[in-house]
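One chain, chain A, links the two complexes that follow: it is found with chain B in the first and with chain C in the second.
Moving on, here comes the complex of A and B:
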C-alpha cells in the first residue's frame, strides 16, 4: 500500500518537474514566435505606417491585392525564385559530386572536408565584402574568367550588368555553402553499409553500376533533405544582396523578397505592406516544407 | 567507399588510372577555387590599396603593410569604435549561446525524460517554430522592441534569440539515449530533480552542448538583419554593421576593408581549425532534424 503511494507521488513529482523544465522555453516561443507570426498576419490587414500617430485603418486584404498588382513585388518574387533555382541546383549537384569524389580518396579526405567547409565559417557579410573586391573591374573575377575563357582584357561587369549581378550573388552563395552540403552528403554516404557494395562486387558490378543502382537510390533521403534545406536558405537570402547594392550594384535585378520587406518597412515606413510581404514569403516557405514532408514520407528507406 | 574495388583495378587498367587522376585534379582545382577568396582576404589585408586591384594579382605580398589594420581599427573618423563593436558582438553572441544551451538542455531534458500529459503537444509546438522563418516575424518583433524602448540596447539585440527549436531538438535527441536506471538510482538516493540535472546530466552532455554553443555563437556573430533593424547608434553596432558602414565610407581603401573583414574572421577561423569536429558534426546534426 505504502509502496504504491510513493510510486504514485514520484509520478506526480515527475509530471511537475517536466513542466518546470519546459516552461521557460515554451513561454519564450509563445512570445517570440507564435505571437509575432499572428501579429504579422494581423498587421498585414491594416494600412499601418511607421512613426504615424494616426491609428491604422483596417483594409482587409488590400495590401495583398496591392502587392499582387505591383510590378515591383513581382520582380522581387522573380528575383528570389531565379536566385533560389540558380543556386540550389548547382549546390545539390556539386555537393553530391564533391562528396563522392572525396569519399573515393584514400588520402587527404579530412583536408578536403575542412577546406571545402571553411567558407561556411566566414560570416556572410565578410563573404560579400571579399567578393565585392573580387568582382571589381580590375579584380580577380575578371582575371580568372579571362584566363579560363582566353579573352584577355575584357570586363565582364560582374556587379553592373543585370544578368551578371544575379550570377554573382549565386556564385557567392554557392561558394559559401557548397562545403556545408558536401559534409551532409558525406555523412549520408558513410551510412550506406559496406556489405551492400561487397555483395554487388560478387555479382560483378562495376563502379558506375554501383553508383547508379546502389549509391544514388540509397542517398535519396539525403538528397531530398539537402535540396529542401538549401532551397529554404536561398529563399531567405539577404546579406549578399544587401551588401552588393550598398556597394553600388543595381537594386532591381537582385531585389529579393527579404530585401524588399526591409526597404518597404524601414525606408518607406509601410509596415502593413511589409507584413503582407513577409506573410507571402512565409507561405512560399511553408509550401516547400510541405513538399519536403510529402516526399520524404513517401520513401522511407531501410537497409 | 569503393577503395577495395579501386585497388585491384588500378594495377590492371589504365582507364581507371586516368579517372583517378581526373578526380584528383578536379578536387584540387575546386579546393583552390574555394580557398582562394579567403587567402585573398588575408593577403590583401596586408597590401597597400594600389597593389590589390592590380593585374595580375600578386598572391605573395612584397612587404607586410600593417597600416590597413591600424586604419580599420581606428576607423576613418579616428574614434576606434570598431573595438567597441567587436565587444558588442562578443557580448551578444556569448549571452545568446549561454542562454540557448541552458534553456535548450532544460527543455530537452524535460521532453526526453519526463512523461507528463501534453508532452507531445509541447514538443510539436516547439518543433513547429522551426517553420517560422525569422524574416517573417522580424517586423512585429521590431515594433514590439521599439514599443518597449529596447531598440539600441543589448536586451533588444539578444531577446529574440534566447533559445531556438533546433537547440531543444538537439538536446532532446541527446538525452533520450541516456539510461533511465541511472536517474532512478539517483532519485532513490534522495537527489532532487535539479540536482540530477546539474550533477548527472550536464557533465555528461558536454559534446552536444559544445556543438550547440558553437553553432549559436557563430550564427549571432554573423547576424546582420536584426541588428540592422534595432541598432541606431554607432556605439551599439555589431561587427557586421561596422563592416557594412566601413565598406560604404568614401575614405575606406580596399586594404583596410580586408583588414576589418580579417579581424572579424580570425577568431572564428581559429576556433574552426581547433574544433573542426564540432563544426563538422554540427553540419551533420543540422541534417539529422529531417521529418
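Moving on, here comes the complex of A and C:
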C-alpha cells in the first residue's frame, strides 16, 4: 500500500515538474501562435478595413465565399503549389545527396557543412536583394550563363518572363535552404549505428545496397521531418516574391498566397479578407502535414 | 516623519506631472530627401528654440517604404503626429477620418479662407473633405522629360532639334540612342518610371481619348480603342517588342544623375535639378542636360501632359488636441519658407506669392514645368487609388513581360477596376 503511495507521489512530482518546464513554451505558443490564429479567424468573419475606425460589419463566411469565387485567389493557389512542388522536391533530394556527399568525405567535412549552411544565415530579404542584382539583365546571371553556354548577348529574362521568374524564385529558395536541410540530414545520418553497416559488409552488401536497404529506411523519420519543414517553408514563401515584384517582375506568375495576403491587407486595406486568406493557407498547410504523417505512419525506428 | 514623506511624494508627483505637460514630443515621419533634411533640421532647431519644451522627432524612410510604415502605424493606432505622402496614398486617411483638420489659428492664419487665398486656386481641393481642410502642400510636382545632351550627340542627334515631341518620335529617338549587346541594353534611350502609372501613363491613355474612370465615377476603363493602343505601345516598348526598356532594368531616373552613358532620357519633376546638383555637381555645372515637355501621341485627341501630384503635410487626428495644434504650428513654420524649399530642394510649394515671384520665374526650366502643369490635371486620387495604380501596373507588365495579349490584359484590368469601384 505504501509502495503504491510512494510511486503515486513520485509520479505526481514528475508531472508537476513536467508542467513547470512546459508552461513557458505553452504560454509562448498561446500568445504568439494560437492567439493570432484565433484572432485571424475572428477577423475573417468581419468586413474590416485597416484604416477605418468604425466598428466592422459581421459578414459571417462571406470573405471565404468571395475568395473561393475569386480568380485571383485561385491564381495564388496555383502559384503557391507550383512554387512548393518546384522547390520542395529538389530541396529534399539534393539536401540528402549533399548530406551523403559530406558524410562520405574523410576531410573538409566541416568546411562543406559551413559552405552549404552559410546562405541560410542570411535574411531572406538580403538573399533576394543579392539575387535581384544577379538577375538584372546586365548582371552576373546573364554573364555566367552566356559564358557557359557560349551564347553572347542573350537576355535570359530571369525576371522578365513568366516561366523564368517562377524558376528564379525557386532557385533563390533552393540556394538559401538546401544547406539548412543538408545539416538536418547529416544529423540523421550520424545517428545510424555503424555496426549495422559493418554487419551488412560482412554479409557482402555494396554501397548501393547499403543506401537502399539501410540508410534510406533508417533515415525515414529525418526524411519526414525535412519534407514537412521544407514544405511548410515553401508554402509560407514571401520575401523573394515580394522583392522580385518590387524589382519589376510581373506579379501574376509569382503571386503566392502570402503575397496576396500582403497586398489585400496593406494595399487594399481589406484586413478581414486577408485574414480569411491566411486561414485558408493555414488549413492547406495543416492538410498537407496531416497527409505526410498519414502516408508515413511507421516512422518509429529502433536500433 | 510620515507626514514629511507624504509631502515629498506629493511634490515628486507634481513635478513629474508639470514636467510631462511642459515637454511635448512631436513625431514627424517623412520620405528621404537629403536636400530637405538639411533645411528641415534647421527649422526644427529654430522651432524648438522658439517653443521651449517641444521636441520634434524627424524620422525618414525610403519613398517606397513610407506608405506601409505609416499604414501599419495607423492600423495599430500608433501613427506619427505629422506625416506626408503623395495624395493618392493619403486620401484614404482623409475619408477614414484619421486626420485632424487644419487649425488655422494654430497655423497662424486669421481665417480658413486666408489659407485658401494663400495657395493657387484648386491646389487644396484634394485635401478638402466635407468642408474641412486636412493638409497643406509640401510640394506640387509634375514630370517633364530630362535629356542628357551628350548621349544625343554621341548618337549623332542634335538635342535642341531632335528631342522627341511625340511618343512615336520617342520610340524612334530611343532606338537610335540605345546601345545593345545582343538583346541586353547597355544604354537605354528613355525608360518609364514603372510603379507610377497614374502619374505618367494614364495621361497617355487620355491623349488618345480614353479615361480610367467615367465622369460619373461608375464605369471603369472608358474607350477600349485608346487603352488597347496604349497597351500595344507598352508591349512594343518592352523586351518582347522593340526592346527599348523594361521594369526589370534599374530605374532610369536614378541613373540619369550619374551621367554614366547608360540612359539618354528620363521623366521626373523639377526636384531632379536639385538632386543632380547634389549627386553630381560636375554634370549639373556642365549644362549638358535639358528639360523638354511631356510628349503626346501623333494622333492625340487631347494635349494631356503628365498628371501633377501633391505631397501634403497631414496631422494625426488621434493625438491630443495640444499635440495637433503644435503640429500644425510646426507645419506652418516649415511652410513659411517656400523660396528656400525652391532654391535648395527644387520643390514647388504652390503659394500665389511663390508662383508669381522672380525666384520661381528665373528658375531653370520652371517655364517648361509651368506650361505643362497649366495644361494638366491632378493625378487620380480616391480611397482605392493605390490599388487601381497597382492594377494598371499588373496589366502593363503582363503585356510587356508575361506574354499576355493586350485584349486579355484590358479585359482583366476592366474586371478588377470595376470591382474596386463597385465595392466602394
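Worth pointing out:
Heads up, the rule we're going with is that the second predicted complex is superposed on the first by the 256 of 303 C-alpha atoms of A that agree within 3 Å, B and C clash if a C-alpha of one lies under 4 Å from a C-alpha of the other, contacts with A are read in each partner's own complex, and residues count from 1 in each chain.
Methods note: contacts are C-beta pairs under 8 Å (C-beta built on N, C-alpha and C of every residue); 3 or more make two chains touch, one makes a residue touch a chain.
Note that the structure is predicted; figures quoted are calculated from it, not measured.
In the superposition on chain A, A:136 makes contact with both chain B and chain C.
Judged by the touch definition given at the top, the superposed model places A:246 against both chain B and chain C. Residue contacts after overlaying the shared chain place A:37 against chain B, while chain C stays out of touching range.
In the superposition on chain A, A:161 contacts chain C only, with no contact to chain B. With both structures placed on the common chain, the touch criterion links A:238 to chain B but leaves chain C unconnected. In the superposed pair of complexes, A:178 makes contact with chain B only, with no contact to chain C. Using the contact criterion defined above for the overlaid structures, shared-chain residue A:15 touches chain B, although it does not reach chain C. Comparing chain C and chain B on the residues of chain A they touch gives the larger count to B. Look at A:266: by the touch rule set out above, it reaches both chain B and chain C.
Contacts of chain A with chain B, set against its contacts with chain C after fitting on chain A, overlap at residues 136, 138, 142, 246-247, 266, 271. Residues of chain B touching chain A in their complex: 1-6, 16, 23-24, 26-27, 30-31, 33-38, 40-41, 44, 52-57, 103-104, 106-107, 109-111, 114-117, 119, 122, 125-126, 129, 131-144, 159-160, 162-163, 165, 168, 187, 193, 197, 218, 221-222, 224-225, 228-229, 239-240, 243-244, 247-248, 254, 257-258, 261, 264-265, 268-269, 272-273, 276, 279-280, 283-284, 286-287, 290-291.
The part of chain C that touches chain A in the complex is made up of residues 64, 68, 71-72, 74-75, 92-93, 96-98, 180-186, 194, 238-239, 246-250, 384, 386-387, 390, 393-394, 397-398, 400-403, 416.
Residue ranges on chain A touching chain C, taken from their complex, read 49-53, 72, 135-138, 142, 152-155, 157-162, 246-253, 263, 266-269, 271.
On the chain A side of its complex with chain B, the touching residues are 10, 13-22, 24-26, 28-29, 32-37, 39-40, 43, 98, 100-106, 111-127, 129-134, 136, 138-140, 142-143, 175, 178-180, 183-184, 187, 189, 192, 194, 197-198, 201, 206-207, 210, 215, 221-222, 225-226, 229, 232, 236, 238-239, 242-243, 246-247, 258, 261-262, 265-266, 271, 274-275, 278-279, 281-282, 285-286, 289, 292-293, 296-297.
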